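Down below are the structures I want you to see.
Shared between the two complexes below is subunit A, which has subunit B as its partner in the first and subunit C in the second.
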Partner chain A sequence: MKRTGQALAAMAVVTALALSACGRAGESDGTTAADGPTEVTLWTHSAGNPAELEVYTQIMEDFNASQDDYEVVSESFPQGAYNDAIVAAATSGDLPCLLDMDGPIVPNWAWAGYIQPLGISSDITDELLPTAVGIWDDEVYSAGYWDAALAMFARQSVLEANDIRIPTVDDPWTKDEFDSALRTLKAAGYDTPLDIGAEDSGEWWPYAYSPLLQSFGGDLIDRSTYLTADGALNGPEAVAWGEWFQGLFTEGLASNTGTIGNEEFNRDEVALSYTGVWNALGSLDAVGDDLVILPPPDLGQGPKIGGGSWQWGISSSCSGAALDGARAYLEFSFDPEYVAAFADKQIVIPATEEGTALSEYFSEGGVLQPFTELTQFAVLRPETPAYAVISTTFETAAMDIMNGADVQETLDQAVKDIDADIANNDGYGF
Partner chain B sequence: MASNPSQKAAKRRRALLLYIPMTIFAAIFIFPLIFMFVSSLKPDAQILADVDNVRALLPVGDLSLDNYAGVFDRVPFWRFLFNSVLVTVLIVGLGLLVNSLAGFALSRMEWKGRKVLLTLIIATLIVPFETIAVPMVYWVSKLPTLVFEDGLLKYDFGWLNTYEVMIVPFIANAFSIFLFTQYFSTIPTSIDEAARIDGAGWFSIYWRVVVPLAGPAFATVAILTFLPAWNAYLWPLMVVQQESMRPVMVGMQYFFQLNTAWGEVMAYTSLITLPVLLVFLVFQRAFVSSIASSGVKG
Partner chain C sequence: MHTRPGAGDGPRPLTGEDPVMTTPTSTEAAVAPAATSSTARRPRRSRREGHRAAYGMVAPAAILLLMFLVVPVLLAFGLSFTNARLISPNPPRFVGLDNFIRAFTGDPTFVRSLINTFLFAIVVVPVQAGLGLVLALLVNQKLKGTTFFRIVYFIPVVTSIVVVSILWRFMYQPDGIINSFIDSITFGAWESIAWLNNPSTALPAIIVMSIWQAVGFHMIIWLSGLQTIPEELYEAARMDGADAWQQFKNVTWPGLRPTMIFILVTITIAALGLFVQIDVMTQGGPVDSTTTLVYHAVRRGYREQQTGYGSAISLIFFVLVLIIAMVQRYLTRDKD
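This part shows the complex of A and B:
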């Protein structure tokens, strides 16, 4: 036994000496980095989305072929797992240079120090839809090729058969008209005439339903200070929204069951569907020319839709030649052809006018062109690091309201939770 | 002695009474699997149309293997499967060895502090993994490792994007150690003494005497270790950034896009459930006997 122990100790010493002599990996020469192009790492949330990956791959190949100084190498993650992977990588100091992120999270990641100011030419960012640019502390931290938009999908024949006016961007439904239309459609035989998407969860809830709250005159936070939600999320306008929202379900005008997506509308089981541009081509296939894309209703303060989608940023750890390469890649990638390709593959709205003009679906006369008009109603989710907590708090509150909770009490509690988080973080710099 | 007709009838009635609830329970447990396999053959629209009626459980309509083709287009399935099999086999295999040795030392060897150590090991069970996951990521990202570079063996720091980071933290398992300790305590120590008189050392007693008598404990620990290792999601997601290293459960997220491809989800879950079913069918007898003898279920 003693002899075995001595042998093991001797082996350990020999191994340690051998490794000390060999040295640490990556320190011996360094010729590869000096001789070849500088590697620029890039992470996307596009794994499992071949259409999106195809465009990214094309951009990277074109960029790498266009010059000899930098080589962009990518790794893709599935969207549902992406934010957790980023937070873990930030913890271990292992973030890539370039990374994409959902628009509302940009202030939080900028405040947390994950990302640095974008630093690309303002000629590019000035041309983008305002909702495709992420700003924190008066600096641009992210920029995206596209934005999405929600709309009301309907069948023209169904509206006409029930004497319901077809609204326009200039003359949307009022709240009374919308409520009346829903009741008429229910009486016409639709069990629940509106598919509002309540069977979904997560970021969909603030993305889809906080614009309805804003159309009532409420909001997720007091945007004059960003220090409290009091008055905005629990004031009379917000309570009116909550009671109306709850009424949709208690009156049987909308359902919280069913399947995520637009299948119920495509099968004519619901008359109206409050859904996104990404479902438009599928519904065009199912419904054909009878499909009408309508603006959301004006519930008091004009129609509103959510703004801000996936955008590109640069991590704080990116520096030196890699940082120059990351910025060069981003500037290269905002070519109108790529913006248009992205919009047509992913069925989302191009973020630039030039990109829109080149798009098959969104250019003048394109079948999805009505969506470009809806971007005028877009409202960014609050640009504050507190949004991560605001988002989950609002989702919980809205779900409770849907399920019959007292509206005022629920919204008061949500305000308390949001304000406590802001106070715990010393106001997040506001 | 032959039983009379009335006894036979009573026996049949008892059997029938037993089989009715058993059939109902079997149906409840097997319906999700049938739904999964059947739906994997249907297009998305039909899955959604059938979901609220009995057709959901029947292979009817427009059936094809398109969803399976879609799975192989969307994810590098065989790579994910290889990663999961490798990681799971090593966690289970090494876990059985390490934890049973620990259990042996805690239950059969006399040494100071073993009861305190066992208490401390059991105490770690109350700490949820999620609470220590982020600190663990930081920790493993600083651990030393060996790499081959330019034909030389060198050292480096950081275990991220390696197989060992998915395996090593899960080899030692407090519950497995506790289970082995308890089971080994039920084996009479007089056997050890007899073996020692015959000249056996501690490892011989462990390997030649205790292990052969502890089959049910090994089977139970194997089941309890296999399932979480196969289903691992959060940890590999956090420590493995390269697609080529991902296990099957992280691959599941590939199918949840703006519009979920439900047919492909069902095809993928069918494919990754098959190995689990296969393992269960092959080891069914050992599993059932281990549950019966240890009173622990997976």
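This part shows the complex of A and C:
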């Protein structure tokens, strides 16, 4: 009896553990309390970003105070674990109503049925920068308050001292000008004159370096069919990009090590820095008026920068009153004041003109206004569910090229990997 | 409690047995040899009682193993013949051996992973086991301060491998401690290199770090093996005039045989499963020079969401480890 009891107790503990695990996964969202406002759940990736979180908290408080029908309840995750959390939640049918997501992943999640068409007033989405709206199958699935942009940071005094022309948006550096500028700067004593950010990894690689590929005339995938990368990622233009990119490192014009961020530029260890708007304020503090924000070089097909940052969507499991609440919240949150608050706190480019006008840094005459002109060069990363594979494949291929692999061979293999995945998914519905 | 009717032919109740009745002593059985079938069955019933308790005791481990080991392995086996995706609106489709054919013919990174994994194991297994033994012999001396050295050698083992990997990544940088150290002992003749960014040094760099991190663990195992060898054997050997090397060869080494087999198997399995160091330090690069089977399976199966293909790689890995473990088992079997 005693022993049987122990055994039963042990089994009961295990069962309880298993059940509680299932129970947690099964907690449903968007439930209506018998009385009181409908709860609308919201997840963000901004747990590690207090500036961003502060604005969200403000919006939610304002929204919850502004009406009695809905109450937005938020949970924030660190960015590193966020996508995993979403995929896990979606697999167990446990997604919140509102969730934010990185722009390029939107087609994948829309195709997979994680998110539903946004359904908010088109007055709002039409006003946004085109790169701040996520579209799949001609439907709007996501919208964001901002976009980011990459630029070349430089010191005016350094460029002038070396007789290097200061480029403008209308007249950017050509490839030859850019190459000779780098060589001049190297001769002027900069060990590796360009900080291109190669020490970073992950999504940064396709975000930062596929625009350079596009400026050469190549691309990550053939955008006329979205069925193959053949010809786009391994054609002559792409190979020219690969050889140029490899050359930056073999000739010592750029370094593949260093610290992530813009410290090398701020300490004047590099002359040029290819980096994002989010580093601009720090560099402005370090360099002051001498800082110039330049468009990236025109490598053949005009300057290009990556477009598409974090955006908001509504999960497909959201329905009924919670769905109405989610839409009401989003419409409420696109107030120009909030858009400006995101821009100024996080140092990102506001997605609406009204928001830009209210922004301290990005409005007419603001210190970071040059960035708003760069958004005209923005190219979205390919809007296909295959992007998850394209992204890591391109990252690996570009890293291999940086480290001296044969360019044509590496790109051919990347094309094979991407095409194998597309074939495996029966073309992703294209 | 209750007394059951004499002829216990009917189905037995599972619970509610009287504890006294369930534990008959041997004397009881001996004094009543001519008892009815009821008493004759008692020992058997108590055996069953014991079994039931044993099953109960095994249940927690068995259920967890079943849920987190057996089921995933079976799932991986099934999924590897489909085009299953982590995220997809379409149900998985049976694709036969496509994934396996792709691995060996259409995915050079997989082949590279296979080679790297074995290179790593071939170097790490003997070096780490040998170094562990040397350290164990050193800290087994009856001198003052050996405890201090035991602790020092063991510290990396109790440090998280992620932390160790991040620190060593800094140490391997061109301006890191390793380059500056070599630079100062060669009086500046050393041209500093980015160890982890060079395809020919990245894997060796990871091998060195991995051995440093794990050698303390195997030192402790060797040490426990050493301390099971009775001192009398050494005394006898010394009386026969054996020198230190002869003592090691004829007393220590044979005495360590079971320890050796254990260490060989654990290091091999750990080495073949190389993942964290790669994930933190090189992400498989540069130019695939450090990608390994487990890393590749995670990359393809999870990060690129190709669950079916990732399962196929895992299955290949599983079969390889199984074969190697069986070969080791065969080679180290007791020949008597």
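The rule we apply is simple: the second predicted complex is superposed on the first by the 398 of 430 C-alpha atoms of A that agree within 3 Å, B and C clash if a C-alpha of one lies under 4 Å from a C-alpha of the other, contacts with A are read in each partner's own complex, and residues count from 1 in each chain.
By definition in this document, contacts are C-beta pairs under 8 Å (C-beta built on N, C-alpha and C of every residue); 3 or more make two chains touch, one makes a residue touch a chain.
Here the structure is a predicted model, which means the values were calculated and not measured.
A.B. asks: Mind working out whether A:Ala85 is in touch with subunit B, subunit C, both or neither, as first, second, both or neither?
C.D. replies: first
A.B. asks: Please work out whether A:Ser180 is in contact with subunit B alone, subunit C alone, both, or neither, and reply first, second, both or neither.
C.D. replies: Neither partner.
A.B. asks: Which partner does A:Thr38 reach: the first (subunit B), the second (subunit C), both, or neither?
C.D. replies: neither
A.B. asks: Look at A:Ser201 in the shared chain and tell me whether it touches subunit B only, subunit C only, both, or neither; answer first, second, both or neither.
C.D. replies: second
A.B. asks: Do subunit B and subunit C land on any of the same subunit A residues, and which?
C.D. replies: 18, 87.
A.B. asks: Once bound in the complex, which stretches of subunit A touch subunit B?
C.D. replies: 18-19, 22-26, 28-29, 43, 47-50, 75-81, 84-85, 87-89, 91-94, 259-263, 266-267, 276, 278-279, 282
A.B. asks: Provide the residue numbers of subunit C that touch subunit A in the complex, in ascending order.
C.D. replies: By the definition above, subunit C touches subunit A via 15-19, 22, 49-50, 52-53, 55-57, 59-60, 63-64, 67, 83, 85-90, 95, 102, 106-109, 173-174, 194, 197-199, 283-288, 299, 303-306, 308-309.
A.B. asks: Within the complex, which stretch of subunit B touches subunit A?
C.D. replies: Contacts found on subunit B: 44-45, 48-49, 51, 73-75, 134, 137-138, 140-141, 146-147, 149-150, 152-156, 158, 160, 234, 237-239, 241-243, 250-251, 253-260.
A.B. asks: Can you list the subunit A residues touching subunit C in their complex?
C.D. replies: Its residues touching subunit C are 1-4, 6-8, 10-11, 13-14, 18, 87, 90, 108-109, 111-114, 201, 256-257, 385, 388-389, 392-393, 396, 399-400, 402-405, 413, 416-417, 420-421, 424-426.
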